[in-house]
Every structure is written in C-alpha cells, then in structure tokens.
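Below are two complexes that have chain A in common, paired first with chain B and then with chain C.
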Partner chain A sequence: MTASFPTAAQALLPNGLRDLLPPDAEQEAFVASRLVATFVANGYHRVKPPLIEFEESLLSGAGRTAAAQTFRVMDPITQRMMGLRSDMTTQVARIAASRLARAPRPLRLAYSGSVLRVRGSQLRPERQFTQAGLELIGAAGEDAVAEVLLLAVEALEQAGVERVCIDLTCPPLVPALCAALGLDEARAQAVRDVLEQKDLVAVGDLVGAEAAAVLRALLETVGPAERGVEALVALDLPEPAVAMRDSLVALARRVAGAVPHHDLTLDPLEHHGFEYHTGTAFCLFGRGARGELGRGGAYETGPDGAVEPSAGATLYLDAVLDVATCPPPRRLVLISPTLPAARRRALQAEGWATVPALGAAVDQAEALRLGCSHILDENGQPRALAPADQG
Partner chain B sequence: MAFDARDGADKLVIALPKGRILDEAMPLVRATGLEPEPAFDDPKSRQLRFATNHPGVDIIRVRSFDVATFVAFGAAHLGIAGNDVIMEFNYPELQAPLDLGIGACRLAVAESVALHAQDDPVRWSHIRVATKYPEITRAHFAARGVQAECIKLNGAMELAPALGLCRRIVDLVSTGSTLRANGLVEVETIAHVTSRLVVNRTAMKVRSREMALWIDRFREVCHARAA
Partner chain C sequence: MTASFPTAAQALLPNGLRDLLPPDAEQEAFVASRLVATFVANGYHRVKPPLIEFEESLLSGAGRTAAAQTFRVMDPITQRMMGLRSDMTTQVARIAASRLARAPRPLRLAYSGSVLRVRGSQLRPERQFTQAGLELIGAAGEDAVAEVLLLAVEALEQAGVERVCIDLTCPPLVPALCAALGLDEARAQAVRDVLEQKDLVAVGDLVGAEAAAVLRALLETVGPAERGVEALVALDLPEPAVAMRDSLVALARRVAGAVPHHDLTLDPLEHHGFEYHTGTAFCLFGRGARGELGRGGAYETGPDGAVEPSAGATLYLDAVLDVATCPPPRRLVLISPTLPAARRRALQAEGWATVPALGAAVDQAEALRLGCSHILDENGQPRALAPADQG
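Up next is the complex of A and B:
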C-alpha cells in the first residue's frame, strides 16, 4: 500500500469534476469572452440567470426533458425543491417569457456560464462545463435558424476554429414519419432508438417492408450535403414530413451558400439530445475535437401557454478549446515591488505580466524560480535571462 | 509531449476483430481494394497496427469487444463488430450502417439437460447466469420480470453449470456442438448475430466524404456477394 496523505484525499474530486489550472483556466475565459463578444457585436444582449432556481420553473416548458440530468437540493428557507441548471437555454427562455415578455420581438439574448449535469456523456465525461450561447426569441422559420447557426459558426471562426463541420438535422421528422406509418408510441420509440444507431437490419425487424423502405431511403441521404440534398428532394414522403423536409433542404442550401468554406452534412434521422426542438436543428463539429462543439435549432417557448417560435445555439467551451486558437501566454517579467505604478502599467500595456519579487532580490535566480522569462534591468527595461542561467 | 487529439488525424483507422470473424472479414476487406502490409498475415509478427496499400488508411487488429470501444471513442473510425458486441455496450457514439452478413450465429440461453427436463421458466424470479454479456442478459430477463444475477466470464462459459458456478449460461451458439459436448441444451434465443460495419458518429460528420466512400465500397462488395 502507498502512504496516503490528507492532502491527497482532499484533492480527489467527484467524478466528472475537475480543477482548471493555468494556462487552461485563462484560455477558457478568453475563448468564452470572444464567443459572447461576437454575439453582442451582432445585436444580442447579455443576460445572466442564477445557478439554481425552483425546480418547477427550471423544469417546465422546454426544460421538462432536462429532469433526469438535474441535481436537486431543498431550499432550507422556503422548503421548496430547487434545481441546479443543467442547460442555460431553458433559463433564457424563461426570462424572455416572463420579465422580458414585453420587450420588442425578435428578442436577441446571449449568455455564458457553467452548467452541472447528473451524468456526463460517453465522449464528454465532464459533469460541469461552460456553455456560451445565443437565443433568438420570437422569430420563426429558416431565417431564424440560419441566423443563429451562422452566428455560432462566425463566433467559432473568431475563436480561431478554421474548419467547422455543420450537421443539419430535423428532430421532428422521424416522429412525424412514425405517426404517418401508423406506429404506436412504444414501437416508434424503438424505431427511433435503432435509427440512432443507423441499424437498418433492426429497423426492418420492427416495421413492415414498406415502412423500412422509406426509412432506408432517408438513411441514404445521411452524409455530405452535396449529394444528400438532391436525394432528399427526390424522396416521396408522407404529408407532414414534406414540409419538414422542405425546410431542411432550404436551410442546407442557404448555409452552403453562406459558408462554402466549411463542411456541410445532413442527418435527417438524428434526434438524440434534441428533445425540445420543433424544427430544423444542427450540430457543430470540428476536426480534432472529441465531440460536438455546439448545437442548436428551432424550438418553441412562450409566456402562459402562448407559443413563441424561437431559435438558439449553444457552444460547449471544453470542446471548443480543443480546436480554438488561444493567444500565447503573456510574457512574465520580474519587477521590484516598489516599481512605480505608472511604469508597471506601461509595461502591462505593452503586453507584459509583471511579477513582483516579494522578499527576494530582482535577480536571475528568482526570475527562473518563478518562471519569468525576463527581469527588469537598471534602466527599467525588460531583459531576457542569460541563456546559461536558463539552461 | 502532451497528448494531442489531432496527432495522426489524417489517417483513417479501421479496427478489425481478432479470431474467428477475421477469416470471414478479410475477403470483404480485400474486395474493397484494401491490402494490409505483409506483417498482417505473419503469425509471428507482434505488430498491432498495419499500413495498407492506401497511404491514408491504417488497420488495427484488436479483440472483438475492443473494436466497439476503439470506434465508439473515435480512436478508430470504422470497424467490424458483431451486433452482440454492439448491443452489449450500446455506445451512443457508435453507428452500424451496414450488415456484412458474415459471422452468423445466435446469442442464446442454455442450461443442463437435467435441469431442462424439470424447469418451468414462468416461475423464475431470480436466476444466476454466467456470461460474457451481462448487460444484454440483464436487460433480456428484466423485460420479462426476472432478475438475472450475472457472473462475468471471458470464455469457457460451458464449464460453469457442470462445476456449480451457476445453472444457466448466455453465450454465442453457432452449431451447438460445444453445448452438446458439455451436456447443455439451448432453451431460448436472445438475438441473431451477424457482423456489422460500425462507424464513429463524429467521424461520420467530420470526415463525411471519406467515410461515405468506404461505406459505399463495403456496401457494393456485400451486394455483389449476395447476388
């Protein structure tokens, strides 16, 4: 057995939670502010909902699908159940439907903050992560989805992601097809599950040959948009699915025209994680990132039962950081603690981070010990450490 | 150097299962135009990763259960795995777009001949089962209201009933001769098993054209064999 020290036991964090250390914490904050800055520059206003709120408001409306992912605690004051947010979209939708119900539409809101989930996913075991997103409330159709999608992509470009893979989907399409094919709820759920794995053999076992043929034809449209769009247009679908297909095709053509330098794929069968979306939706991927960079789409929200069409997009900072370009860390220069503030600020304005030599001489040894690349010389100028000392 | 997920991102990696299925899979792989380097067929080679005649494609050879894991986590982009393995893990990031029609067998419940003569499955509330497939087994019995206590074994399941480890097993059966040789009888089929082409969900998006190309080639080869 190895000896265990009290500090080692204290360092153990619960599953899926971690400390972000330098320089990762700095980079995450930098990238988050970059993303939100892009949203703000395009007419979105920042909001900041609380970390925790009453369960019934957090989990109502679009939030009802989040129940299984939400940590709950009892409020000792009111004795009511509270939930820790697992997604900020539903909080922003609540703000739009209540306090900002009278603000002019379309209402453009942006946010960034941490969320906590009961379980991580296979690819992203993190239970706490930072989201940055935007919601366009009171706007419908492919115009609204295209606006949030293209703005999310632009924000990623601003954060240095060179190539984004945009996957377009339509979550209500498969349920509409199942209804048109006359499947009961249990069977429709089973069909959705096996379609998620693109397992046509299992689909064929669940539904008749005729229904399986429709789903097979739809499956063949999955993939690069340049060939999927034509195949999708040519499909003979039952009535309610036609309108959905048409809006998916319209969105695909629009996005392909607007950002031809990014990759565009179609997956009309995807619905996992899109439980509250009511129209076209999308996932964003990046080469080199473990999982999705973000996702979004059309959904419905509204005050007191009134339905307001909306669209939104959320980016996941931990995934974005895998592919974002982060600025080089600031160069560190060791200074005397008594250096006049004006000189210190001037150095900082030039991009230096100033490290005061507390209780030690401003010399090579101390600079090396604190990881500074430079020290401030007699003339008040940063001087690189001598190579011999750095070695 | 720190691990970078982008290292080697240019190579497409295909994971193939060791053992029984490999013999049936290789003719398909070769028919798509992929030819691994000679070390692949050298039983003395200890190499695990092999270059191919396509400079952008590598093959890795791992245990059949690990094919699903490598592909699900994106370490390999495509693979060949039985639907027994796919069902057992039920990875959300794994998709199975094509049935290759090879490696056909079935996943079945078996028990000793003596037990079978007097057994009434309707009366079960709890059973103990030795298996390589605890998740499938638990789900299968839970669906009919029976709690299955699973003892995970990695092979030689057929020994377990005779030695008193448990009274029933869940295992792959192809001809049934191993069961018969061990005094067991197949009582129920859980699933029919064939090998599937499996793909990673993210790779399907990020490398959609390459992935579509290889899936199409495998599909053509399968159709040609079926015809």
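Up next is the complex of A and C:
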C-alpha cells in the first residue's frame, strides 16, 4: 500500500525532454493562453485534436514529410499503427476537411498544444515543444497570408514581444524558375543547394550565364525589404515566376504598411522547412530568442480532391518565451489556515498568493523558510518581512 | 509542392480519442486555466512534466499500477523504452523528489495536462483526457488531506460547479482490519471482494460471526456523513484501525464545517482506484457529470527511502465540463479588414470577436453566412442583424 519513488538515476529524463519548473511552467501557460486569446478575439475558434491518431491520417498529405519524425505506437484495440503528432497543422486541416467540412469558408481555427519529435535538431534540441497557431482555411492570396502573418505578430505583441523580424519567402519560386530554365530535377536540386550556400560561381557553372544572371539578381534581393522590394519589382523573370514575385511584393508592401515598427526582410530563395507551402510564406524572429518564433504561409488542403487554398501560422512557445514579457509571479503571503475564506479570497483578488502555515506558527521564521515575502499582520494586512528576517 | 489531405476514411479517429471542436475546446481551456489559477492563488506552483519519459521512472513506485495502461515507445537515441504518461501524480512526485528535493516543505505543486491510456474503461471510454491537479508534498494527516480536498472543491466552485458530492474513504482501513482479524492474504482478498458487493452473508461465512459483526457495523456507516460519523465513532475496532477511523472522522468533521453547502458521504470500505493512497482519501462527484469529477488523498513519496507524507487531488476535465459554468463564446461581429487596429481592439476589449470580411462585402448576407450575430454599422458600432436577414 505504500508508494515509493524513483531513485536519482530513474529521475533522469531522456535527451530533449524536460520538466518545466516554477516559474517557467506558469509563464508558458500564460503566454500560450495569451496567444490563442488574440486569435479568438479575431474570429478564430479553438480546436483541440488528440495527441495520437492513426498514422494514415497523421502522415497523409502535408503530414508525409513528418513521417521520419513521428513516434509510432500500436493500437491494441484495432491492431493498427498510431502516431504521436509531431505537428498540429495537419490535424487541424483534417478537422477542417472532415468534421468541419460544411462550416462556412473562410474557416478560422486556432490551437495550442504539445508536439513530440523522434529527434531534436541542432538548432532545436527539444523533442517536445508547445505550439500555438491559427489556420485560415478556404482563403487565398496575399490577403489570407497577410491576415495570419499580422495576427501572429499581433499575438506576439500582446505577449510582450517588442520587436519582431519578419522574413518573407516564396518557397515555390526557385522550383518554378528552375522549371522555366528547363533544368531537370537533378540539376534543379543542385541549383537549390548552391543557392542555399549563396554560391554564385557554382550557380553559373550549373545553369549557364544567362540563367545565372537571373538567379544572381534574385540573390541580390535578399535582405531588408525596403531595398529588396524595389530590386524584385525590377527583375525580368520568366512567366510562371512573375505571379509569385508579384504576390511576394504585394505582401511585403502590405506588411510594411501595417507594422512599420517591426523589421521586414526578404529571402525569396529560402525554402527550408516550408515543405507544404504553396505560395508566399514567412519566418518570424526575435532578438534574443534561441530560434525562430514561428513560421507560416499559404498552403492547400481539402477533402478528397476538393483542394482549398489556405494560410496558417505556428508559433513556438519555447522561443517566444525567450522574448515575451510575463507578469511577475504572485507575491506569497503567509496566512493562518483558519483565515476566513472571504478574507483569503480578497487577498488573492489583490494579486497575492496565500500560503497557509500548515502545522506551524504564522511567524516570520516560517514565512522566510517557505519563501514568502510577506506575512499577514494583526490587522489582517500583508506586511513585508522585517529586513533582519530576510537576511 | 502541393499538399493533399486525408480521405474521409483516414479522417476517422481511433476509439476513445476525439477532436474537441468549438466551443468545447475553448471551454476546456477556460476551465483548466481557472482550476489551476485557484491552486496558484493558494500558494501552489505550476510544473509541467513532459508527455513521455523513461518507463523506469514513469512506472516506478506509485506508477507501478499504471504499467498495463501505458503506451510505450523506443527512444532511438538511447535505445531505452519510454512511456507515454497515463497519470501525472507520479511525474510530479518525481519532480518533488529530484529537481525540487531541496525546496522547503510542504512543497505545493499544481499541474494541468493530457494523459493517455492504452484502453478506456466502461465508465470512461476516453483514452486521452485532461487532468488538473495539486500536490502537497511533505505534509501529513487530515490537515494535509483537508487542504487539498477543500482547494479542489473551491476550484470546482470557481469553475461554476454549484454542488459537489464529497465521498470520504480510507483505503487502508479494510486491509488493516483484515490483518487484525488474522486473515491470510487470500482470505483478506475474498473479504474485500464480498464487501465490495456489500454481501453481508458471505462476509460471515468467510470470517466468522464476531469479525463479521465488526465489518457489518462498518458497512452501516456507509452513506451520508451526518449519520455515518456518529456510527463510526461508536465502533469498537481493533487497534491499528482506530487511528485510521479517528483520522477519517476528523476529516469528515472538518470538511462538514468548512463546506456545509456541499454533500458529504462516507464509504470507509471503498478502495478502488486508490492504489497508492495510504490514509484518508476522497472522490468528488457532481450531479449530471458522466463520471467522478476528481479524487485524491494521502500518499507517500520521496527520494531513495526518505519517505515524505503527502496529499494530492486530481480533477478530470471531461467530467468537470459536464457541470462547469463557462462564459458564453464571444459574439461575432463582421468588420472590414481595413478597420483601424485601435477600433478593432476596442471592440475586442468590449468582448466582441471581430471577423474580417475577407474578399467580400461587409454586408448582412456575408455576416449571416459566416455565423456573425452583428455587423459594424456606419458609425462603427455593432448592430444586430435585421430579423429578415436572420431568417
């Protein structure tokens, strides 16, 4: 009947998994709640998909790229394989395409939750992290991307992030250019690799002088949007890339006008981590955050061939917490366990956390020992511990 | 580059797993946040353990009984087995015993999160559900149990649950009685089984007339505490059971005095689902809830043999949501996407959810189509849709 406990060795956690302790756990909950509250106030409805589901649905469509990162478990009831979600966008798309297939479009959905990945990356060693996001399903073009981008930025502002760097990309642009240049798949892949390294000489070797000039000109638009947008507009691009460029330019102008107090950059060559994005996309960064704060963009989803243009954004709580401003923890005041409930609740309403002196005197020594900054005095008012007691 | 989507069949979820849709997902988030906020205002500190950890730590000590209910996955990095948590109390005990081993006692910790179980039960078919709980580590006796019990009830009140039925139990009482009656383990198990069925005749056959009289008297204390407490006090029990009885009586009187507006019952014979409880324990019920709202009690934990008396309570969000009172969802007002941000935020501060008319007119037809109840009129004020339009 007695319960025992882990030994010190058993208390170790696997790499990339951790306990959030006080005050971090409270801060994460506060920020996640604040982010989703911003989405909800702007017409998004919260959904909560399960942590595990059948792998066919979890890893279908946009989820295919997540297969290698997904823990799998057997369902003992159906004997079918289930996966632990490594991302929530696919799940929200599934909900939109099935249970909410008849809800009017555009459908605005928001979520927050934990995801698990089989391996961490060098940049992000965590294997569990919390996402908060929004999906705008059944809306196309820069209007849709601008809405989710600006709301993601507004949510960050509401969580106390003062300055965001918004990096705009267009993942399908380089593939479209390679196709227009008549490059086969192997050559196109080689072009993407050298562009990634911004290696202009190698690009020239691969595609010849004329095509290299286009790519070089594109490379020169990378950087602050103020300069890059003008350079992009001036570019002479083959046909299928023109619409993409125009869309990126329109988005950049829209965002620059809406949030001039944040930094805006362009990187039309970037495509890493945008595996399911079909149009303009973006990364959000913050000074002092370990990794990116979030990302998003245009994608397509829908049930059984009825493709719906959509846009979404996901914020990563671990990075957001590095730059968010959280309210300080409640100050602790030591009280008697017999303090009337009405007085205790009144103190809590004033912002105190009331700590009952359980089986101990309500005195300065006990307050100090329990980490309280205050003690309830004879008039029922919180009194700061005397300096001598705090030493 | 295009993303696809699940077919209708792929969109099915495994038994016992479900999507929370609007407005349920928002209500669950609201209630979970409200419950933990009550714990935090009373000096509890939020922690957040990971969803998976090594099975030795997850299934050690108090977690042993959860082994059959725990999904396991291989950690590809260490090649060791990990488990998906099926309960959070063991995890919080691990944190208290390891990373917070030096924090002053009593240590007050709170949490909220999802747990997964391999199989649902008849009463609770869900395989994933959300818990919110509190643990008071390093505190003994009815003071400790009363604190967590009354705080769990107060948290339910704060979430709008009007009437709670508190059922007090003492899981070690029957085993102690059986030991005092000199019954071997097989006989003791048989006694527990027939007591479970309240089968007085079978009890007499098992233990003889004198011992059966004690058990029968105990059985008669089951029910409303007002009557049961007096009957319990009058009982002539063998020695080791006396202290347990006294503790149960003290707790019952304490709780009856503190929350006379709730229902209080006794069931000193109940021990189901209290595998790690070592003293008085309790279940909380609510009229109209599918299952129990929560449970808790006294247990022991601690690192490497240094046993700490503790008490804790866990609330089950799915049941709590059946009886909680949630604020109504924000009313939706259709606005122009170009509405100045300051005006939009002012509307949100008044409780509106603002829905931008994306690529559509800001008119009654669009508002109706999107499920808005209001539209922003020419003076910038929300106006209810005209009756003709709502028909």
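One rule holds for everything that comes next: the second predicted complex is superposed on the first by the 380 of 391 C-alpha atoms of A that agree within 3 Å, B and C clash if a C-alpha of one lies under 4 Å from a C-alpha of the other, contacts with A are read in each partner's own complex, and residues count from 1 in each chain.
As a convention for this text, a residue touches a chain if its C-beta (ideal position, glycine included) is under 8 Å from a C-beta of that chain, and two chains touch if they have at least 3 such contacts.
All figures in this text were calculated on a predicted structure; none of them were measured in a lab.
Undergrad: For A:201, decide between first (touching chain B), second (touching chain C), both and neither.
TA: first
Undergrad: Which partner does A:33 reach: the first (chain B), the second (chain C), both, or neither?
TA: So A:33 only meets chain C here.
Undergrad: With both complexes superposed on chain A, which partner does A:121 reach: first (chain B), second (chain C), both or neither?
TA: first
Undergrad: Answer with first, second, both or neither: which of chain B and chain C does A:242 touch in the superposed model?
TA: Neither partner.
Undergrad: Between chain B (first) and chain C (second), which, if any, makes contact with A:233: first, second, both or neither?
TA: Neither chain B nor chain C is touched by A:233.
Undergrad: So, does A:384 touch the first partner chain B, the second partner chain C, both, or neither?
TA: neither
Undergrad: Give the label of whichever partner, chain B or chain C, reaches more residues of chain A.
TA: C
Undergrad: Of the two partner chains, chain B (first) and chain C (second), which one does A:25 touch, if any: first, second, both, or neither?
TA: Touch status of A:25: second partner only.
Undergrad: By the touch definition above, which chain A residues appear in both interfaces, chain B in one complex and chain C in the other?
TA: The overlap between the chain B and chain C interfaces on chain A is empty, containing no residue.
Undergrad: Tell me, which parts of chain C touch chain A in their complex?
TA: 1-8, 10-26, 28-29, 33, 36, 40-43, 45-54, 56-57, 60-62, 71-73, 75-78, 80, 82, 84, 91, 93-95, 97-100, 104, 106, 108, 111-112, 114, 116, 118-119, 128, 136, 139, 141, 143-144, 147, 154, 171-172, 175, 276-278, 299-304, 307, 330, 332, 337, 341, 344, 348, 352-356, 358-359, 369-371
Undergrad: Would you mind writing out the residues of chain A in touch with chain B in their complex?
TA: The touching residues are 121-123, 165, 167, 196-201, 219, 222-224, 227, 263, 265, 267, 272, 283, 285-292, 322.
Undergrad: Name, in rising order, each residue of chain B that touches chain A in their complex.
TA: Chain B reaches chain A through residues 5-6, 9, 72-74, 83, 86, 91-97, 99, 194, 196, 199, 202, 204-209, 211-212.
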